[in-house]
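Have a look at the structure below before the remarks.
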Amino acid sequence: MKIGIIGLGYWGPNLIRNFNERIEIEKIVGCDLNDDRLRLMKMKFPSINVTDNYKNLLNSDLDAIIIATPVASHYAIAREALLAGKHIWVEKPFTSKSDQAYDLIEIANSKGLNIFVDHTFIYTDAIKKIKEIIDKGELGDIIYFDSVRVNLGLFQQDVNVTWDLAPHDLSIMNYLLKDYRVAAVKADGIATYYNHENIAHISVYFENEACFAHFHVNWTSPVKIRKTIIAGTKKMLIYDDMENSEKIKVYDCGVEFFKNEGRNNARIQYRVGDMYSPKILQTEALAVAAKEFIDSINEKRKPLTNGKEGLGVVRILEAAEKSIKDRGKLVELEPEMKQLKLFVK
Amino acid sequence: MKIGIIGLGYWGPNLIRNFNERIEIEKIVGCDLNDDRLRLMKMKFPSINVTDNYKNLLNSDLDAIIIATPVASHYAIAREALLAGKHIWVEKPFTSKSDQAYDLIEIANSKGLNIFVDHTFIYTDAIKKIKEIIDKGELGDIIYFDSVRVNLGLFQQDVNVTWDLAPHDLSIMNYLLKDYRVAAVKADGIATYYNHENIAHISVYFENEACFAHFHVNWTSPVKIRKTIIAGTKKMLIYDDMENSEKIKVYDCGVEFFKNEGRNNARIQYRVGDMYSPKILQTEALAVAAKEFIDSINEKRKPLTNGKEGLGVVRILEAAEKSIKDRGKLVELEPEMKQLKLFVK
Amino acid sequence: MKIGIIGLGYWGPNLIRNFNERIEIEKIVGCDLNDDRLRLMKMKFPSINVTDNYKNLLNSDLDAIIIATPVASHYAIAREALLAGKHIWVEKPFTSKSDQAYDLIEIANSKGLNIFVDHTFIYTDAIKKIKEIIDKGELGDIIYFDSVRVNLGLFQQDVNVTWDLAPHDLSIMNYLLKDYRVAAVKADGIATYYNHENIAHISVYFENEACFAHFHVNWTSPVKIRKTIIAGTKKMLIYDDMENSEKIKVYDCGVEFFKNEGRNNARIQYRVGDMYSPKILQTEALAVAAKEFIDSINEKRKPLTNGKEGLGVVRILEAAEKSIKDRGKLVELEPEMKQLKLFVK
Amino acid sequence: MKIGIIGLGYWGPNLIRNFNERIEIEKIVGCDLNDDRLRLMKMKFPSINVTDNYKNLLNSDLDAIIIATPVASHYAIAREALLAGKHIWVEKPFTSKSDQAYDLIEIANSKGLNIFVDHTFIYTDAIKKIKEIIDKGELGDIIYFDSVRVNLGLFQQDVNVTWDLAPHDLSIMNYLLKDYRVAAVKADGIATYYNHENIAHISVYFENEACFAHFHVNWTSPVKIRKTIIAGTKKMLIYDDMENSEKIKVYDCGVEFFKNEGRNNARIQYRVGDMYSPKILQTEALAVAAKEFIDSINEKRKPLTNGKEGLGVVRILEAAEKSIKDRGKLVELEPEMKQLKLFVK
């Protein structure tokens, strides 16, 4: 398989390194507008080819194109790549608007090409383990999903903190709570320094009203926190990505509520038991993602994080942006997703 | 000084013990409807008197009445006590409605009596230290106040999690950010088990729009978290009440934003320096509060956490409740507070 | 049951409070040389009697005497109390010398009286849980026991850090590893400020040479650490007493060693699996200890932490002291313990 | 500068990568007996040359040889390399015996060649910062140095845990406490599985008897701990290498001791103040070490971690080994170091 990588910024070297180490990859062509960046990549990875014109990648023998450019350019480049018959890998967030995502999905479907959206966290061993725990019903029904992802910097010039940090947590939520369809979104944002928000709180409501999700993303926190609580009716789980080991802790605790007949007040009982922390492998998520991308193309199947997953995240981001602009108004999601489902998979 | 304590539940023994150890207190009369509770208190504190009828406390030689009953009864009992000429100490939250708080404040003012609202955290050495740090301008202007107070249980039968847990953080915020007048409130709540919310997220907006506060309170978390981030333009601070030592950490970090003239994008620069953690004394906050209550009466001055502070918290709780019922609508606070200020102090 | 408490210093109020709350106790007489201390205790606990002459306790109707005086006086007072026909509770360490401990045990045995040594940690729910885990063989054979107990202060005037802090960990070790008989001791100590050591490292060797224990006790650490690792051939356990919850963590990890026949080097394999943290109850250990003391007298049986347990700790402390004085020489324990076993239980 | 690297095992890729990124390095030749290893390195770093015969490196135009082979072979290869006129970089520990270290130092001195011993930690920003703090007298006189470095695995086939892990901490101690000359060593070791110890406790005594050091190294701990306490008469410091940030904490605490004249006991007073944590840069230590190696050769000066530093660590390891074999006997160090000082620097 031959691949091209457009955009060799912060994430570029990681992409090159991981694809470089896959035996299926015969050729890598790197592309960036910045000549210094091209020279540096060529020095670090002498076996790759480089170019400063991405059109060269489209008119080529490459099988797939990796798009690691600023979000605003994802749609245009991705569309050209698909029309040129290339499978695509797009960095998160997939697109700036959900319409763009729908369009790309339809083109890819019609041409039998694969879209892979780089929701890297889905490929960590931690999230894989949490998925197993939830899917086998260990937590019971999910009551809430509460995520905090805060740190100091890096401010993005082109997007706000929601578009930068929330895709991680939204893609994790969508993956883990696949059956809890998102119905509405509400968000608050604060732009302390310039026109892009650096702090945001996002509330997500589901068709299943017994569940609720909340996200705090923030570029202006003195410490780095990446912590998610997933509470179920049977057990509760904490995923703390800043822990070196013991990233996941499963608590055998819960609340039981008894309606007391004949009395005017109910009885509530707490259950607190042992905690356990499953062993997590130290695999590099991007290596697993690269393998999934290659395998899905070779096996002619959709990858785990396909266009529809990318769209799922963009729809929420779009709604959150609308809500922030309207000082926190509730924004209901259009039900078009369901229609799409008919032909996507 | 002679005092009565009405309501000897969970907090009762702590109140008796702390007042019992004050040399100024000559007599304590405890009151509860539950006879077993009275017997137990009498056994633990043989020097106190007990009664099951609070009217006995009102028609007595007591100087002050401590009201530690369920919130719904605060107003009625407090009013009776004030009218009977007693100074009052009321557990948090002060009242169920802001109108009640206004009324009590006016009665107390007209009769020259003291209202003390038990915002206990204000009397911890940690909050005192943070107050000093903020007041001397070390943090610069406050950008945001973000608080998380979550744990498993104890569900209250009579109020939701907002009225139970948020008074702590709201009283801390009001105390620390005295000059940032609250303008509007927005809140989301989830009632998983019965009609009272067990999870809530509250956003607080100030007249000074450069600042923002957010509160997450939750009775259904597998772990206990009590963490507040206070970020300023100069430094940022974390107050983690679950730490045994190092409860406060002050980070010499920040963001600087430069508008680049002649260019179309700005430059943002991060500053990360040392952290320090001020020494905190291990005093019992309730002991300090008891002293302040006694001293304020003897010195004929308003205590630090007086009726107006209690009202400040109730106003926000009331607005949050309205917002929760209206699925997160923004609720603006009435500006009556300012009017009250004229005669309160 | 009527009891006397001699020595109302730091630990005194805790003793009074806990015995005061036991329904079996009809009368408590407190004794201290310091009149202010007596007055303070009488004020806090109006129901107790007080005296400044401990002889009054011996010639009385008291059933049992609690000795909470400096270590050097334990033996003399304990002996008098036993000869006066009283059961005794002695604070840790039991005595200053093992000969004294032997003597007290023999007197108590001959008179049918109980000796209780206040190894409080044995009565925590954490140690009880660890005991269960070890006794059911979950850890396999114990490889090592490594304990760190360090903090800043409180320097004792009369004993060094070994006699002050190590009794906690030695009593825990003796209790948990009952079958691993201590054979020899080695210790290093540093006296930074005056003639009593403030830092010590103690190594304990067992008759079973496959096991080993090490203790670091220190009055001059900037932070408080109380952490014990107990490693077995099957699993390993960490007991961190500074954790609010999750005090015990059991790691399903280990090392397997295979002698490779036909090759000149062996194969070593690591096993790392899940961790779990058993739920711990928040009981007050001293309350459990008080109950055990009372129950053991009423049931005419030896208490869990009896004279022999006290002796077991004193023998190690004595050997450690000898080793420190001899700059770390190995000190073998005399095998007299075995002889004693015949008649103690 | 042209360099050869002998031994491309665990640490090899890190060495190649770091030297590869130095602009001063024109040529790298890698050497290993294992052909698969050579192929893998050539694939990862296409620009290097490889050979399976280290003699090829000695008879070449290379300026310097990096020796990353098992400890037992360090001396023979280093000697050959020096005699062939090459500067050398030797992985820790420098040699298996101090005699070997003396010999290499003398050869290097006589031929004007540099010896660099890879005490990598010395090049971390954390240790650099601690060195500054100590050197400016902030801690006062050092009372003790207590280090714990424990984890699960990796057992070495050729050396015990002391030779594997302790060099890190001993090199840090020697670097930080340069003026506290080591006088004697005592060590205990436990070999649970085979003939090499997997647990060891090492005590180090100084000519200055007011200071003391202790090291706990262990391959059989369920968790990774890398924590050092350095206590001084003025302040105390904790270096926790497992912390992501806040690796260093400086505590403004201490003990003051007053001899009370006219009384028979002394007065001891504690001082506990603020803590601060200096900012640490996230530089890769090996990159700084590579720079120091190259610079020291170009500037014709001895590097920071030269042969004498390597010797200083080997002398303690050698003494510790002797002590372990003699069941913890105190082993005094020969004073030859002082003699060497005359001509080494």
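Read from first to last, the chains carry the letters A, B, C and D; within each, the first residue is number 1.
As a convention for this text, a residue touches a chain if its C-beta (ideal position, glycine included) is under 8 Å from a C-beta of that chain, and two chains touch if they have at least 3 such contacts.
Bear in mind that the values here come from a model prediction, so they are computed numbers and not experimental data.
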Any chain that touches chain B and chain A: C, D
Longest centre-to-centre distance from chain C, chain (CA-based): A
Geometric centre distance via CA averages, chain D-chain B, whole Å: 53
Averaged-CA centre spacing for the pair chain D and chain A, given as whole angstrom: 43
For chain B, residues that touch 2 or more chains besides their own: 223, 272, 275
Chain C contact footprint on chain A (complex, rising order): 246, 272-279
Chain B to chain C touching residues, read off their complex: 21, 44, 46-47, 223-224, 242, 244-245
Of all residues in chain D, those that touch chain C in their complex: 143-144, 146, 148, 150, 152-155, 157, 186, 188, 190, 192-194, 198-199, 201, 203, 210, 212, 214, 216, 218-223, 229, 231, 236-238, 249, 251, 253, 255, 257, 259, 265-266, 268, 270, 272, 275, 327-328, 330
